[in-house]
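Each structure below is given as structure tokens.
Okay, so chain A shows up in both of these, paired with chain B first and chain C after.
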Partner chain A sequence: MTKHRHTLDVVDLTIEIPNGMRLLRDVSLNLEPGEVRALVGESGAGKSMIGKAVLGILPSALKITSGEILMEGHNLGSLSPRARRAAVAETAALIPQDPLTALNPVRKIGPQITDPLVRIRGWSASEARKRALDLLDRVHIRAPERVMNSYPHELSGGMRQRVLIAAAFAPSPRLIVADEPTTALDVTVQKQILRLIRELQRETGTSVLFVTHDMGVVAKISQKVTVLFAGKVMEDAPTRDIFTDPGHPYTRALIAATPSHADPNRSFSPVPDSLIADLHRQIAQDDSLYRGARP
Partner chain B sequence: MTMMEPLAAMTTETQPALFSVRDLRLSFPDMAHKPLFGAAPRIEVLKGISFDIPTGQITGIVGESGSGKSTAGRVLVRLLEPDAGEVLLDGRDIAHLGEEEITPLRRDLQMIFQDPMSSLNPRHTVGHIIATPMKRYGRGGTREDAAAALVKVGLPAEFVSRYPHQLSGGQRQRVGIARAIALEPRFILADEIVSGLDVSSQAQVLELLKTLAQDMGITVAFISHDLSVIRHLCDHVIVLDHGEIVEQGPVQAVFDHPQSEITRTLLAAIPRPELDDSWFD
Partner chain C sequence: MADATALPRARGPRSLNLRLWLPAAWLSLLALAALLAPFIAPHDPLAQDLLMERLPPFFMAGSEPGYWLGTDSLGRDVLSRMIYGARVALFVALIAATITCLFGSTLGLLAGYYGGWWDRVISRLVEIWMAFPPVLFAVLLVAVMGTGLFSVIAAIALIDWTRFARVIRAETMVQARMDYVDSARIGGANRLTTLAGEILPNVLPSIVALLMLEMGIAVIVEAILSFVNLSISTDDPTWGSMIAEGRGAIHFAWWVLLFPLIALFLTVLSFSTLGEGLKQRFDPVLQ
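So, the complex of A and B:
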């Protein structure tokens, strides 16, 4: 183990489906304590899959065929499934994309936040409740008591997403995987939610792996960026460099594809087909099974 | 790669509006507060709004969730009937036309939906999805017609035999566009059609919509909560808040000199792809 311990190390991770087709290709990245790293790419690039692999919730058909995931220096692959689940639950939490499907519709909000605190952290019911109320207050929910007693359908989309942020931060995890947490929301609600994640993250020093397809969100929330295409890392750099001097043409194209109202003369244009074709060709050279994601 | 320019320069400002909407009111019953006996109280969704949709141009309708933007759009294509007010299409009030009178107009008033996964029938092939309304309105509807519509939206003709789940999100949204333009309508309502797409597909779909609208002379109302997209795509913009219009005008004027707090808030909420440490403040 190194002296400088990362919260998360993903080393040369490759994931395949049973026919041998690769979905992730030798992906490496790390997260330092208190750091937000954005994982950015288009649909199908594999960004959510990295988050799922880290949390050990990959669909059963997908296999990690090489590479390692180290959480606070511990190699998760060397642990038994039970020990791995315990280690992940101890260290990490998820903020999911869709707050409606992530919450159990027939249970009240309160127990959905407190259950893991009791089960995993071993807190008493009253300690857990106090923590839940505190966190709901911190995500600016005005009537935490009432929300604890509500069912998910009684809350708006923005409220539900706040509840999930509270639930994720409640056990004081050292790592949070945020999987497109604002994609389903309006811009004004998105800004509130991003602000909340940033506030809590700074206060608690939690590291965040932030999955998004929006370069605008990347610019605001992260300090480091991993740019993915077809399961392969195109660029890994500090956010500052990505926006001042992007190193990879695909990164430049993603930024150019993001509309900006401030500068209407800087028109936005799709990622050029020729660039996509080039990237597909490069990947196919190393992988005979690769056919390209899109026709 | 073609760049996006506003359409306004190419059309004459003197054309009459396709739609003139005057003092439009609409309310829904609030079933959550319905007494056991008697009528439910009403929620006012549109509180007497007036606006024009200029012919041959793209008008953006923007607002937060619950502002009434989708409801206003659905009145234009008469999926909803308003409580009061006028919806003049070429000067003829269609606000309260019965189904018999409105049916002949339906071909001219098409809609593209937000979520193509739920607006395209998963059991039908893409060809069937595009051809059925063409047959319904006597505009052909052969396999070749459907294939031609697919080619117009930049998809391969072979896609006629595919099913929606076999396509990517951007491709599905193109099928939604193909289904609408195959009928050669005069007006298309596009309701949050790129909200579910990633940036690259988003730029492609917007560019496609703009080019087709231009080439085919289709008037478009584009509903979105994203002012960046509106700025690049639209000629005019209407900003709604809680069922009232807080601002409307040419895109350039509204963006350069926003008059209402709502417009400024919506503008400030967009995370632009550039470093800005003060954005959260």
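So, the complex of A and C:
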């Protein structure tokens, strides 16, 4: 074993759909305690799928065909479903993409935050309530008592996302998967939400796996980056290096495709079709090798 | 952070919802009449008086005071028979629909959320079941089990559980795909807790609406079975048997047939309207 334990190790993870098509191809990444790793790529690259696999909420049609997920050193694949669920609940939490469907519409906000606290941490109802109020306060909700007694539809999208952030941090998880938490929000709210996640992350020292397609967000929040294309890791590097000296042509193209708020006159260009075609050709070659190698 | 100050909307005074209150009023009236039948029925529903046969209702010439809705061809009071008939109708509606709902909804929830083998077995069962023509199935069941209240209730439950199973399965599948279900699972909830605590409350409005609809259907099925003499013993007055008896005399004593028919119509309409109204009322989003 290594000296310091990683919060999360994903080792050579491959996920297939029943017809044998690979959606993730030997993906490896790790998260050290207190680290924020961004997972970038275009839609369909499989970045959300990695988060789902880690949290054990993959749709039942998708199968992990090889590779391992280790959470604080425990191999989730070797645990029984019940033990795996307990390990995930104990360690991890999710900040979901869509604040509209991530809260149960017919239940009040309060119990939706406190239920897991009672379940996972074994706290009493009043302790859990205190913790929930404290966190709602820390995500700058001004009338926490009132929000606890509201239904989700009574809150705005930004408020709901704050509630979800509070709910994710409430059980003091060591790992948070943030699945494009700002994508469904409008631009003005995006910034506040991003700042809030970074603030809480620094205070608590939680590791965050931050799924996004926005290179601008990557620069603001993460220390490390994994660039994904068609379910394959293109590059894995510290964020600073990625922007100053991108190692892979696809990463370079992604950065070139990002408009800059600071410098609106800087030109930006879409990822060239020829590069995408090349990458797909390489991956198809890998896939046929992979298939040939299997009995 | 302007949105952080946005507070839950205050709810204005709700206008009186007639779609909810009219059916509720009729059904309460009926329930009260059924409960208090021995005290409020003006006559013994079984007492025959051949001198008083086919008396017209109170607003027609030749009516007798005290026989508000007239009498049938054996001189029995129509109003009293209708009040006693409401007992049977409501009892069957309540018990049969509740049993049907519990059984069908449970299977629907399990099939919709657990999927896999649960879904395969339950869905095939529903398909096979629905291949039987329902009325024939009911008549057959009662014929085999013998007439009586219990047989009628069993027949309704055995035929109609598929309605709940199908609809609730579909609704459950929609809910099961929502992110809040994933969130609950990550929060350490097991499958049964998730189903009962997260999904069921979202499906409940549909269950209530279906339950009300089913009560209406149960009233009809009971009326059909007593119309063909397959419900409870012919001595006891039911709306169905009154309609059957009134059929022969429709040209000269239409009231024997019409009044129970109106009661039946209003009751079934009330149940389905109330179901829709309650569904909207229950749903915090639609409210």
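By definition in this document, the second predicted complex is superposed on the first by the 284 of 295 C-alpha atoms of A that agree within 3 Å, B and C clash if a C-alpha of one lies under 4 Å from a C-alpha of the other, contacts with A are read in each partner's own complex, and residues count from 1 in each chain.
As a convention for this text, a contact is a pair of C-beta atoms (placed from the backbone, for glycine too) under 8 Å apart; a residue touches a chain by one contact, two chains touch by 3 or more.
Just so it is clear, the structure is predicted and the values come from calculations on it, not from any experiment.
Chemist: Put chain B and chain C onto chain A via the superposition and say whether they clash or fit.
Modeler: Verdict on chain A: chain B and chain C fit.
Chemist: Which partner does A:V271 contact after superposing on A: first (chain B), second (chain C), both, neither?
Modeler: In the superposed model, A:V271 contacts chain B only, not chain C.
Chemist: Please indicate which partner A:N104 is in contact with in the superposed arrangement: first for chain B, second for chain C, both, or neither.
Modeler: In the superposed model, A:N104 contacts chain C only, not chain B.
Chemist: With chain A's C-alpha centre as vertex, what's the angle to chain B and chain C, nearest 10 degrees?
Modeler: Vertex chain A, arms to chain B and chain C: 80 degrees.
Chemist: Tell me the contact category for A:T244 with respect to chain B and chain C: first, second, both or neither.
Modeler: first
Chemist: Contact-wise, after the overlay, does A:S66 reach chain B, chain C, both or neither (first, second, both, neither)?
Modeler: After superposing on A, A:S66 lies clear of both chain B and chain C.
Chemist: Now for A:L94: first (chain B), second (chain C), both, or neither, which partner does it touch?
Modeler: In the superposed model, A:L94 contacts chain C only, not chain B.
Chemist: Touch check for A:N75: first (chain B), second (chain C), both, or neither?
Modeler: Once the two structures are laid over each other on A, A:N75 reaches no partner at all.
Chemist: Should A:I141 be classified as contacting the first partner (chain B), the second (chain C), both, or neither?
Modeler: second
Chemist: If we overlay the two complexes on their shared chain A, which of chain B and chain C does A:S124 touch? Say first, second, both or neither.
Modeler: Touch status of A:S124: no partner.
Chemist: Nearest CA pair across chain B and chain C in the overlay: distance in Å?
Modeler: Minimum over all C-alpha pairs: 6 Å.
Chemist: Chain A residues touched by both chain B and chain C?
Modeler: Residues 156, 189, which sit in both footprints.
Chemist: What residues of chain B sit close enough to touch chain A in their complex?
Modeler: On the chain B side, the touching residues are 1-5, 64-65, 156, 168-169, 198-204, 207, 225-232, 252, 255, 265-276, 279-280.
Chemist: Name, in rising order, each residue of chain A that touches chain B in their complex.
Modeler: Per the touch definition, chain A meets chain B at residues 42-44, 156-157, 186-191, 194-195, 198, 213-220, 239-240, 243-244, 253-255, 257-262, 264, 267-272, 294-295.
Chemist: Inside the complex, what are the residues of chain A that reach chain C?
Modeler: 55-57, 60, 82, 85-86, 88-90, 92-94, 96-98, 101-107, 112, 115-116, 119-120, 140-143, 146-147, 149-151, 153-156, 158-159, 162, 167, 171, 189, 192
Chemist: Write out the stretch or stretches of chain C touching chain A in their complex.
Modeler: Interface residues on the chain C side: 1, 3-9, 115-116, 178-180, 182-190, 197-198, 201-202, 204, 283-285.
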